[in-house]
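Chains: A, B, C, D, E and F, in written order; residue numbering restarts at 1 for each.
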């Protein structure tokens, strides 16, 4: 036990074990097929953000995949709290965790197998957020680049489920990062509308109105919903609608949202400067301020501090 | 060592180890993203079938994913032969192996990790083919059912790469198996043309001409190519072209091909009987005979024997 | 005349005649081309439901087909009332009529014809509703199945016109009924969104919100509109929007609407149970109660009684 | 009997009866749904053209609709010959018949019906060809106009089946005939390629090569196939491929084919003159000559004579 | 100077010169590529209409093309006022000007060039509106015809930017004008929805509701926006939504809007009469009245006077 | 005259004038709408390449636009030869000309115009090829980058006509050049297939087979056709077919063709190295050798010499 004293604990099929022992058979369906769903929230000041909403979305994803966790939403919620608690001591004050739940369809049994577990695999984990790696985006803004790869169509694999099938996104990311590793891919959907990046939603501001793609073509981000709700509170009009690169190039401001990034300003799309190049536009700033207040954590400062 | 005497051996990142020890960290990119490619051939009478073609296709898949195995095609070929050799003693005479290679992008390193391996994961495996489970298809023919789920478009995720992202196929299969677990899903592509099932290609025969979907929308199956080559040798005209359900309902014969199935007759599509309901139509039979001769293995009999 | 004493009367090109005498030349354009439009309402307790709305829709359909009935909406309305009146005596108390108007482009004249009528054919009819045949859906719920056949695109043949061209729907229905004759087809439109079944609209309930496909891709059902209106009265939020199978699989409740069915609960989509499998979910029940009150007829009981 | 002495005879569900007695219940599925298939050939000098090919296509159409005629192809062939024979005496020497077979799904039984026939309806008919009405096209050429209405997609309702659902075509025709009743509609398919008109295929000639749309998007016309075969015999290269308006506007020659028209020259598309405006271009003429020889009937002269 | 006394003055790259001297090198990028953006307003009673809105839209167009005018919006606004002022003396009292700004990417320099200007070309012009030529539309209504040519998709070339690439529109117009030179083309977008004509937006009225295509697929006309604003003031419900030919054929009223036409009634679509054929329907008339009041100019009378 | 002694001569509406005098009214339709067509060939050793083929294509483009040059192909051919002759004395021995013909729809007349020419504008020009600017591509290979902008669909504006509407291409180019000005855009068509760049076609080599997009989605390049013909002569199999990025990433070799570039090797697509990174692969080299022989000009050396 002592050798794992400094190691994170993960919930793994009924047990709380050191992360390095959380191993899956190479024939797990999620390893060979990506046949799983997951969700991911974060802590702010070591407190979990909107866990219920994330767990609810996890179960939506699973229903879309006809995947039965064999465990209730309440149980996974409790387990998540326990996992975070067991790992908090490893965090520095200025750090926070990504907190995730993963459910897969487990191992396909074949003759001669010697695995110790069949049926769904359930994992609850936390890992430190990559604050330092992404900090520069808060200083310089995110350079969004649109890859030629399009997002999978909803009638093939719905973007609304958060699954272990990420190759569409990964190949898109590799395409834009081949130019510059800081580039951030935001894909177009099959109709040519802006949709989403790997784990991130996009918003643009035009003439005081906040615009973000319709839910049908994107993962309905909890942070995205948080921004929509904050906008309503602040009286900023917000539309969920089809937007495309004309809106992007003519945006006054733009930002992406994600669990870990919350709100992160975008300063260019395909190399074209957004607005006048200001990193934090006025509406972006108002939403950030409201977000910071909501989560009681100045996440902007948290990122910027990591640059020092 | 003795405890693993009856266990299959798998190549795993440089080592030949018992299958039950071939475990991957739960944070392997292929587990959390399906970020890997694979290929799969089979043995006939314990001899590997067209290994070079399969390895070539594996490298095509990897290039499409910008995935570097860190090992040459020649090395993987050699490893594959060794793996099969090490496991042959576990096979009965009437059994054969699926023989697979898997390459993934490995583990994403995060702070505090204690994994023992980063960089690509390379696995070479063999597992017994599910002869008994599928034997009835050779007696009764395969009931093909077209799901409402469409195959992913090539501009989102190319069907030509054999990857660890199978949810599009899995959800499609679950849809048709909800009616009857024997149903075999063959998807339509985005244009409404017949394309492929999970690991299987489809052929129909109309007026003496063999028709199969164009490569752009399907995995270019080695067995599919084998049938195309055999047809050429037998003087059976064969077209790779767009075909749809009109061709399906008006087919005189139909069959699917896959590594393990070789050629397996289809007797209905969406419940509509193909031709006059004969399981083995004349052109299907000629191609099977030629296939059996090519591989020196009466795979039809191999399957049918398992029904006894 | 006496031989037709127990026969229904139909309006047929200016005359009220026994149904069995309402015959059309085999070269009628609606027989050879389906070149006609129709509409269909029902009675509740022998009273016609929203006749004006149905007649208005009939004329919309005709305009889309450039089809001139040669008779005014008012005249057809009057005729409809007369036809029902003439046939009411044939109904039992627990029965009701489907009441339909049909207008076709008539017979194409060719040399040597001996037909007695050219110009548009106008028919007004009533037939007993298939209460017994469909009663089990009110006990068990409707098992919706999505066929692979897609609904015709609006730029080819608008789904908003109710025409005599039903093969798209019929082939779709035959596809799903090949698995189980109780299955109820609901098609996807060209974009992969849920649209409609043969004469039926679909609604799903998610988190207390009623969702139904946009009118552009479906027949704007009068029952559909009735539900939308009732929802407004009951304060149930309702959106006409693009919905797809993600919404279907994650629905808390679902139901179909049609002239004859009014509101009929859906308990599964593609074999996946809706919500927790309850046949009558709370919002469905509230809408049914309001519908029953509106039409002064407990149609649920009417159907269930037929099971006895 | 004498009153029908000058009337055509039609085969109608087992009987040979005068055409004016061939009546169907208004509730026949083909009247209310267009739920039927048909085929149509013609006579040349009172001899039926390629009857076997037409009957074969009829059965393809029926399989696509899951429609069972309850009668064999051989029987319908025999009946067709008998029907023509019974009606030949009504033809003048310079006239010819359209000869058609129609199979529908018959009447849906409802309570209280008094029809005398359920099950499929089978009709075999012949009607005089509209030689006079179309003669001017052979003098002036056909002015093809492309409507805005697109042909139904194969995944909704396959254009390859010849069915009683013609509204897509009819609405398209009415659109172009609203400008000039001589206009001839040729629709684009969903991809924007030229496909077909109501009962007619299109060919264009560019630089000595004959081009016609691929079969997947059009009815595979017997006359179309005849032209393809004749071209092969004459050594005129012919491609079945995707063609669009660029090919149309740049065609040197163009023509349509149909059962009755055989080969009819096109002189303009959307008002743009084809080639230099010559009605009979050299390749069109060669094909017509070969066609005339094949059918032993100078159909051009037959049409032109009707202008006198 | 005297020779140009009766000639209009144009702003051309920094100078105010007679129109006939405003010449561009044949190798200007807008001449060889259409590589420019423009905008166009009109005067009412010699007063410029909504100049700021037009200039704002010009800059949106330029951003979509990454085209830098090298001059501010304020400067172009001032120049525009000056240009109009310099040319007003050439107008009769009943005439008005189209007032346009054009910005192009200038000349591509090649070796040996002798042009006197590189960098962006900026032109501000005014030309008399074609009142007489279009006057009959106000008497008879516009006959809208839908060409087979579809509008370019937003992911290829956004319709929201007003550019010097008009061939898509021009070819569409030539198609419908080949039938009758009075025909007015309104294109369908890629999805088959009504979108726009050459410089004109379309509105239809159905059951008291004003409908117009969504902005994403059309140029966001200033006149279109004016109508939307006026409708709001008048309490006429107005939806920006997907509309198609079903709405067109079933419209009670319809009209087009453009800078010069303001509101011009449509009386037919594809030859089908709108409503009962009344040129000025009640809602159209109310909007015209409000428009006339807004611009203090009875533009209807202005057009009709030109018929005398 | 002397002042233009060193200036190129251009044919301009009937006259041979110094290039700097070839000016068009700013209201020329090609300036304001891009309403023109053009073609472009080059000289090799000061001899014009395949002029007839280029002129033929020009007339195809014009027919697609319904644009009448008012002058015959023979006349333009003669003029072209004269223009080149008049300008040859300005070329150095190692230079060559681009030789172009441009036809536009001329000026729209409005009241008060003082232009000296209405009707079509015809220009024949030659300009020195940008040998030096592009020379590095022959040393390093072309880095192809796929923009997110898709090529216009053939049903909106056919890519087969070479027109003055280039914004689709220009915006695509600007997108990829925003990353690196050496990047070369090759667009995908609406279906996601590789199509073409600005004035260039693409070929890939896979397993000894030459693949290039079908003509329907690209300008049918004369150099493209030259390569196809040379491949036939050399016995290199060549297919005109749908190819996509899977083919791109798995190509052994790739190159682009254009009038000026002839054959120029591609060494990467989206940053992924083609084959093993060799600039001149074996099949590319064979085709170049044959091309050099055909045109009697070592164009590779011509470009490489410019690097010195």
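In the analysis below, contacts are C-beta pairs under 8 Å (C-beta built on N, C-alpha and C of every residue); 3 or more make two chains touch, one makes a residue touch a chain.
No experiment lies behind these values; they were computed from the predicted model shown.
Asks: Going by residue numbers, if over half of the contact pairs line up, that's a repeat, so tell me which of A-B, D-F or D-E repeats B-C.
Replies: D-E
Asks: Averaging only over C-alpha atoms, locate the centres of chain B and chain F and give their separation in whole Å.
Replies: Once rounded, the distance between the two centres reads 44 Å.
Asks: List the centre-to-centre spacing of chain A and chain D in whole Å, with centres computed as mean CA coordinates.
Replies: Spacing between the chain centres: roughly 58 Å.
Asks: Note the residues in chain B that touch 2 or more other chains, in rising order.
Replies: In chain B, residues 64, 66, 148-150, 153, 155, 188, 192, 245, 272 touch at least two other chains, as defined above.
Asks: Using the definition of touching given at the top, classify the network of chains in this structure as line, ring, star, complete or other.
Replies: Chain contacts: none of line, ring, star or complete; other.
Asks: Under the touch definition given earlier, write down the residues of chain B that touch chain D in their complex.
Replies: 188, 191-192, 242-246, 249-250, 272
Asks: Any idea which chain D residues touch chain B in the complex?
Replies: Touch residues, chain D against chain B: 60, 63-64, 66, 153-155, 158, 160-161, 214, 216.
Asks: Chain A touches which residues of chain B in the complex?
Replies: Within the complex, chain B contacts chain A at residues 6-8, 10, 12, 18-20, 22-28, 30-36, 38, 64-66, 90, 102, 104, 110-115, 123, 125, 127-128, 130, 148-153, 155-157, 163-168, 170-171, 174, 190.
Asks: In the complex, go through chain D and note every residue touching chain E.
Replies: Residues 145-150, 175, 178-180, 188, 192, 245, 270-272.
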